[in-house]
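Structures incoming, each one as structure tokens.
Both complexes shown next keep chain A, but they swap its partner, so chain B is in the first and chain C is in the second.
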Partner chain A sequence: MGLSQTFSKILTNLFHKKTSRIGIYGPPNAGKTTLANRIAKEWSTGVEGTVSEIPHETRRALRAENITITGGNGRSITIDIVDTPGVTTKIDYNEFIEYGIARDEAIDRAREATEGVAEAMHWLREDIDGVIYMMDATADPFAQVNIMMVGIIESRHLPVVIAANKTDLPDASPQRIKTAFPQHPVVPISSLTGTKVEDLYEEMIRAFR
Partner chain B sequence: MPHICLRCKTRLEAAPGLAPRCPTCGGTRFAFESPRKAEAEKTTQPEQVSQEKPENAIVADCLSDECGPLSEKPTEPLSPESVESIRIVEPGKYDLNLLKLAESDDRVIQVGKNGNFRLDLHSMIREKKKR
Partner chain C sequence: MQGVQIDLISAERLSKMPSMEKIRLILDKVRDGTIVILESGLSPDEQSSLIEMTMQEILPDGFSGIEIETYPSKQKSGGMLSRLVRGENDFRRLTVIGPANQLRMIRRDRDFISAWISSR
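What follows is the complex of A and B.
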């Protein structure tokens, strides 16, 4: 390592300016893209992904870079946000057909979604410094994919913040998620309406700094 | 909340307890059934559909005769201990082994239900990426 690189590294550590790459993971339709769009809109420029009720709308990772989030006490983090495809253990083109998509396109979508999951798992191993794990607070938190993914994230020693999303819906129960994963910070939010999203930002600054 | 036994498909109106067992077959694995799924049909088409194709598609197409007869019967989920990282049940239907995918980029793909495997040799000899 050259002298200039060493000096640069010291300065980086001194002023906490390292850009961490934060992946938004979770099952399909948990609200990952809605949150990524909100973060990009509030702290950066532009909107990145297409939001849809159809599962696996995000089939390739979308990235917003150099986003600086500042908390209430003036502390901040600079991060790259990676919106990943919904992680699941089964992908079936019939899910798309239920939404009126033609069979051939549905099969293509299923294949792309499968590639997307494989890619997302690759990034988790090599490119991600921290994880926002999104869960739908109206769904069962003990679903196999959640248990498995939180276990994988823990095994990689990555800091994780769990977002209990969709608190705007009447049957949402963030408490169920807190009970299921007491070892991690769980922040109830609505990424759609923005309710309590500032709490998530504070928790991100704490966890990913 | 409704759950469905993965073994015998019995529908349970209430969530199984801490030591869950299906009252019909004694199965221990359940799928949660979202109450909002029925409402999903009312949703509209997306405004924009990504046309982008994966750059290095490694999930192969499979022909229906290679994958076995098409069937509506769901397959058993891939066990985390399974050797395969992806199972192609039939065109457009995939089972994924998340633990295997998280461990390495090596791809062992099972095609259909007849024990046919494809090994993506390229993924196995690819030089590991350095950060």
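What follows is the complex of A and C.
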């Protein structure tokens, strides 16, 4: 490599701002995919914002690339959103059978789910710049997976915004989540109806810039 | 006599083990139906690896994963200096790990865990 090429590469590395890769993590059924779809729908433009399945890296994580989110004061961030499978420590194919799925298909689904969770954990250690941690505001915030995942995210020194989702449901209590994790910003939202998602966007801009 | 084996592993013993050896030990015991109680728990990186390795070992009609219970980490107060002095180990808490089909959480709070253990 010539001197001019080396100099050019150094300049590029100095001034090129990498697009942050933001992972949406959380337990199963917290509403991660609903939020990811909403973000992609509301902020993506043209070809760059399409949601696509990523081959080889992980078969179930979905990524929407180059999404620019602009806040009320004109500040903005450009990020890739990675929607990950729900994190759990146990998967039994019989749970799928209970939903009326045939045994062979249930076994396949369980196998794919285990692979997806393993890959999501690997991504968190290697390839994620920030996290939106989704919690179901109608569920116990002290669920073990929440305690572990927040601890893992903190240990990686990743910026995190906690979304207290499902505020459209009568049993929702975002305050329980705020009390459980006072060290992090907690934004009550409904990713289904879109209620207060603009507050989440503002917090994302603040945390992920 | 039917029963459940419970292994309590001291913080001293855990501190001498490399992370992967620790995780391997836990998974081998839990797969055999043993309940493992760690006096000092696992680091976040070890917890992350434990989840990943657990997923890789789940089999249809066999091992279906783990149940793991611990307290939330203590609030990290006192600034960077005191954190450095105390070290990350201060934030590891007593942890109970067992087979998902044998260990059930009954109640968990910031400072209280109640679990139910059944024999296979």
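Assume the second predicted complex is superposed on the first by the 176 of 209 C-alpha atoms of A that agree within 3 Å, B and C clash if a C-alpha of one lies under 4 Å from a C-alpha of the other, contacts with A are read in each partner's own complex, and residues count from 1 in each chain.
Basically, a residue touches a chain if its C-beta (ideal position, glycine included) is under 8 Å from a C-beta of that chain, and two chains touch if they have at least 3 such contacts.
Just so you know, these numbers come straight off a predicted model, no measurement behind them.
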| item | value |
| --- | --- |
| Superposition on chain A - do chain B and chain C clash or fit | clash |
| Superposed model, chain A: greater residue contact from chain B or chain C | B |
| Touching partner for A:Tyr99 - first (chain B), second (chain C), both, neither | first |
| Partner chain in contact with A:Glu112 - chain B first, chain C second, else both or neither | first |
| Partner chain(s) touched by A:Ala180 [first = chain B, second = chain C, both, neither] | second |
| Contacts of A:Thr195 with chain B and chain C, given as first, second, both or neither | neither |
| Partner chain in contact with A:Glu126 - chain B first, chain C second, else both or neither | first |
| Contacts of A:Thr89 with chain B and chain C, given as first, second, both or neither | both |
| Chain B versus chain C as contact partner of A:Thr138, first or second or both or neither | first |
| Partner chain(s) touched by A:Glu154 [first = chain B, second = chain C, both, neither] | second |
| Doubly contacted chain A residues - partners chain C and chain B | 87-93, 107, 110-111, 114-115, 117-118, 121-122, 124-125, 140, 143-144, 148, 152, 156 |
| For the chain B and chain A complex, residues of the former touching the latter | 1, 3, 15, 29, 32, 34-36, 40-41, 43-50, 52-54, 57-59, 61, 77-78, 80, 85-86, 91-99, 101-105, 107, 129, 131 |
| In the complex, chain A residues that touch chain C | 87-93, 107, 110-111, 114-115, 117-118, 121-122, 124-125, 140, 142-144, 147-148, 151-152, 154-156, 180, 182-183 |
| Complex contacts: residues of chain A adjacent to chain B | 50, 52-54, 57, 59-60, 87-94, 98-100, 106-107, 110-112, 114-119, 121-122, 124-127, 138-140, 143-145, 148-149, 152, 156, 171 |
| Chain A contact footprint on chain C (complex, rising order) | 43-45, 47-49, 51-52, 54-56, 58, 60, 64-73, 75-76, 88, 91, 100-101, 105, 108-110 |
